[in-house]
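Shared chain: chain A. Partners: chain B in the first complex, chain C in the second.
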Partner chain A sequence: MGLKEHVLYRLALTPLMLLVLLTLVFFLMRVLPGDPITMLEGKNIPEEVLARRRAELGLDKPLHVQYVNYLYSVFVKLDLGVTALERIPVSYLIATRLPATVDLAIAASLVAIGIGVAMGLLSARYEESWFPQFARVYSSVVYSIPVFYLGLLLQVGLARPSGLPTTGRLSPVNMVALDSLPVRTGFVLIDSLANGRLDIAADYLVHMLLPALTLGIYLSGIFTRVTYLSVSDAMVQDYTRAARARGIREWRVVTRYGFRNALIPLLTMAGLQVAALLGGAVLTETTFNWEGVGLLVYEGILKRDYAIVQGAVTVYALIVALVSLVVDVAYTLVDPRVRY
Partner chain B sequence: MRLPRGFAEWGLAVGTALVALFVALALAGESLVGQLAVSNVVVVDGRVYEVPPLLPPGSRLTVGGRELVFIMGTDQLGRDVFARVVSGARFVLTVALLSTAISAALGTILGLLSGYVGGFLDRVLSLVMDSMYAFPGLILAIAIAALLGVGVLNISMAIAVVYIPSYYRMVRGVVLSLKSAPFVEAAVIAGASPWSIVTRHILPNVVPQIVSLLPVSFADAIITEAGLTFLGLGIEPPTPDWGFDLNKGRQFFLAGYWWIGVFPGLMIILSVLGFLLVGESLNELLNPRKVEA
Partner chain C sequence: MSLLRVQDLWVRYRTRRGVVEALSGVSLSVEEGEVLGVVGESGSGKSTLGLAVIRLLPRSAEVRGSVLLNGKDLTSLPEEELRRIRGREVSMVFQDPYSSLNPVMRIGDHFVELMMEHGAAATREEALEAAGELLERLGVPRERLNDYPHQLSGGQRQRVAIGLALILKPRLVIADEITTALDALVERQIIDLVKEVKREYRTSMLFITHNMGLVAEVADRVAVLYAGKLAELGEVREVVSNPLHPYTEALLRSVPRIGGSRELRPIPGEPPDMRNPPPGCRFHPRCPLATERCRREEPPLVERGGRLVACHLRS
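Showing the complex of A and B:
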């Protein structure tokens, strides 16, 4: 199978995975107690009002009819539906929230991979010192810290003394300014830079610092280990020994020869961590009131707003599928020996 | 990791000590600290006293001639933080135990079935499990926990669902590799029934692998539980729970009453770390050549 066939095959699998997840969530949300109307109005609303409101949302139809209708609208009409209360299109809601989550995820990944690679390389370079053991303890400890606890500690320990913002994505004044900018993509950084508003971009980065550090540190342990393991494996191979024999400095052997060996494992790990990243993002967004998809889905779950939860699940599944596809393609770029 | 052997032994010792401490707290913590964990009311000689909220750590309070010491202070409702932190171990560890048991049992059964029967069933189950495995587990757990409502069993089930695929994938892999092993084929030729082949010949080879997964799985369950209760899911006040206390005390914690948040958080870290160290060190000591990321 060539790369093209492999990509097509993976693309064909994505709708199947989506079908499984949507089916699971659909029946879970409808079989278990509570629906959007009782969650909103309480359990004591008059019977006929309840019946009318349910009919409006199509919740009075038999379950299998609702299911088929839902799948038809997602897979054929590509429509994620509207929210139960305000009747806002879910696709619109997600489109306004997704950039925040994508920004946070990218920034956190950079932090995680940056810390991980640095600590892994240092451990491999100074194999005989105390550093590898320190890195090992570090990675176990950050794995054990709940991401929201880390977030709260950073808020108290870092933000309060230094005056950094603890919650939100922008200062209120810039939130308003952002809305009036002529060029809008939804990505604050792109929008503010495209419109020449460096001050808004800076404000955004300052707000993003703590959430990105929180989520990034939480995920950095695993990258530390992967880097260290692969690089230190390479350090006893013949080709690194040969490099040393040619008089190449040790640090260069580690970063040029050893690090190459870590690229594929790092890529694999980055792909595998996407689920952890998105899950951790829910807690990070709640802790920092960062208005992304994670906060949206959490509120959607509490309100039993089927459409929001199902829409978010769809988007998450697509992100996971897309990333694993990108990782597969990236393998062939990093290592020309990889064939599908 | 190419670390000194003593490092793993040291990790095992520290991990075991932490695990023992938390198991002891879960068993005896509540009876040790009594009512102070769930209420701020102290009764001395038939007279009722109320403990004030937000006393800093180390505060002493004399009520009815008796001196009370709050080494970790009191929370926003005047309850003893130390008492809550100590008795909080019970809920978390019960949930971790239940959820790990449920996911290991279901994952193993489904994995055995899928691997041994094969064919269409295997394809469907694998698709379902792989989809769940790839999906952000915490979001699935949040959804299930919110729908099921409060209760030990409910929150345990929400967590268990997330980890079923890990056990399923591992067990299925072992079954596939053993299916054509000579001793299994010999059993088939000897006329053993599928049931006895699976339970008597395959299962014993799966069990050690499951056991090696348990401690880390336990650590994951604790951290997931903390995440759910931090979001206010699955638990009812005044049950002492570290994640839930962080949720309720968050505003006060951010306002500078650090003891309300620091101590429950430390308990989460130490308990997760304990099980993690035990799991990782055991794997390292038992399979020195198998290097795990």
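Showing the complex of A and C:
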């Protein structure tokens, strides 16, 4: 099987994975008590009003009919549906929110990989010192700490003394200014820079700092661990000893022999962490009122807005599938032995 | 002055299950242009000896004694100075060619890195040119420089490893069981290559093996190690034709020969547990000639007819 066939094969599997996921989410959401109308109006609205409004949303139909209708809409019409009350297309909502989540995910990944790789490499290089023990404790602590709690800690510990913003993506003034810019991609950084508004870009980065640190630190634990373990595993291989016997500098041995070979397990792990990244983003966005897809999902669950949650899950699933495909292709770059 | 002089070398490993004494006061030397064979069974300390010379023992190892290369004591040299000597003055070829090359680095890059690191080449092209030339002399096509290790056969990889050990023209090469992982045919080719290298480059070698037959072919002198101690040391021809130590004799009898009429006899028993070596002569539990004295008294290493031997019966 060539690389192309492999990619096509993986793509062909994606709809199947999506079907399983959507089925799960569809029924899970409906197991939750309440529906969009009772969540909005409370339980004390007249019986006939409730029935009428449920009929408007199609919620009076049998569950299996709703299920088939929804799948038909997603897989055949490629339509994610509309929100329950305002009747806004879900795809539009997600499209406007996605850039914020992508920005946060990228920034958090940079933090996680930066901290994780640095601490992992230092642990492997100075194996005999106190540092690996410290890194080990650090990893366990940040990995087991709840994301929203870590967010609150940073808000209290960092934002209060420094005056960093703890909520939103931009100051209100810049929010308005952004809307009036001629070039609009939805990515604040690109938009503000393309229009020469450095001040907005800076404001955005300052707002992003705490959410990115929160999510990044949370994920950095596992990166630290995996980097350390894979590098030290490579460091006891024969080729590493042979490199030392040739008088190769120790840092070079750690990076070119240790880290370069550790990239293979590290890449696998990074691919698997995308799901954790998106899940963590939901909690981070909620904590910092960061208006991305995660916040949308959170609100969608609270409002029992089925279409929003299902739509977001579809997008999440596509992202995870895409990333794991990219990881598969990246293997061929990292490991010369891998051929599809 | 000898090129390499190992003096009273002791190596102990601290393990969870006790202290293992891998080498107990070994002294030997390698002269300029000479190949010294080091033979012994698994656990005799022969690989420890090789690693101790180039100071690559694991950190759990305690080392006493001195290793003088050209008069410089490698055991007390600062790390950075030692690094500059490794690869350039003393290099090492390992047992398993399947794992001794970096799987994610091209063959050529191994050479480029090594030569640039030691300032032996100014540019990549210069390094690759020199590497290609050497590889061809060692029987590996120049085009292999562009390949990754997994694209080469075991024999080719070992030739590459030998090339890496030779390219900076070190004075001493430590060859640690370099044919053990290869099949018989390739082993033959590599041994022929070693003999050629010896002729052409006049490189001194510490040739470590468990195979007395290979030593007889390649080495000028041989040191027989048993349980971390020297049993016998002398000219290969004399040792092979007239072994003094019963262990050397047993080793020689355990080498198969094509068309040989001699009966092949394995050495009975097992090498001793080095956490608790036997008292007296360490070979006595397996020695057919052992006497009461061998069980009690450790035989000193004494000279006998230009040879060193540690045996009560033969000295």
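The definition used in the following text is that the second predicted complex is superposed on the first by the 338 of 340 C-alpha atoms of A that agree within 3 Å, B and C clash if a C-alpha of one lies under 4 Å from a C-alpha of the other, contacts with A are read in each partner's own complex, and residues count from 1 in each chain.
Here, contacts are C-beta pairs under 8 Å (C-beta built on N, C-alpha and C of every residue); 3 or more make two chains touch, one makes a residue touch a chain.
Keep in mind that what you see is a predicted model, and the values were worked out from it rather than measured.
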> Given the superposition on chain A, are chain B and chain C in a clash or a fit?
Replying inline: fit
> Is chain A touched at more residues by chain B or by chain C?
Replying inline: B
> How many degrees apart are chain B and chain C as seen from chain A, counting from C-alpha centres and rounding to the nearest 10?
Replying inline: 80
> When the two structures are overlaid on chain A, which partner does A:156 contact: first (chain B), second (chain C), both, or neither?
Replying inline: first
> Which partner does A:33 contact after superposing on A: first (chain B), second (chain C), both, neither?
Replying inline: first
> Touching A:278 in the superposition: chain B (first), chain C (second), both, neither?
Replying inline: first
> So, A:336: does it touch chain B (first), chain C (second), both, or neither?
Replying inline: second
>> Looking at A:9, would you say it contacts chain B, chain C, both, or neither? Reply first, second, both or neither.
In response: neither
> Does the superposition put A:92 against chain B (first), chain C (second), both, or neither?
Replying inline: neither
> Is A:75 touching the first partner chain B, the second partner chain C, both, or neither of them?
Replying inline: neither
> Of the two partner chains, chain B (first) and chain C (second), which one does A:256 touch, if any: first, second, both, or neither?
Replying inline: second
> So, A:238: does it touch chain B (first), chain C (second), both, or neither?
Replying inline: second
> In Å, how small is the closest CA gap from chain B to chain C once the two complexes are overlaid?
Replying inline: 9
> Residues on chain A in contact with chain B in one complex and with chain C in the other?
Replying inline: none
>> Please output the residues of chain C touching chain A within their complex, sorted ascending.
In response: 54, 56, 59, 83-88, 91-92, 94, 96, 99-105, 113-114, 117-118, 148, 150, 161, 164-165
> Which bits of chain A are touching chain C when the two form their complex?
Replying inline: 128, 237-239, 241-250, 252, 256-257, 260-261, 263, 334-337
>> For a test of understanding, state which residues of chain A touch chain B in their complex under the given definition.
In response: 16-17, 20-21, 24-25, 28-29, 32-34, 127, 132-133, 136, 140-141, 143-149, 152-153, 155-156, 160, 166, 222, 225-226, 228-229, 232, 265, 269, 275-276, 278-280, 282-283, 286, 294, 297-298, 301-302, 304, 309, 312-313, 316-317, 320-321, 324
> Inside the complex, what are the residues of chain B that reach chain A?
Replying inline: 1-3, 7, 127-128, 130-132, 134-139, 142-144, 146-149, 219, 223, 226-227, 230-231, 243, 246, 250, 253-254, 256, 258, 261-262, 265, 268-270, 272-273, 276-277, 280, 291, 293
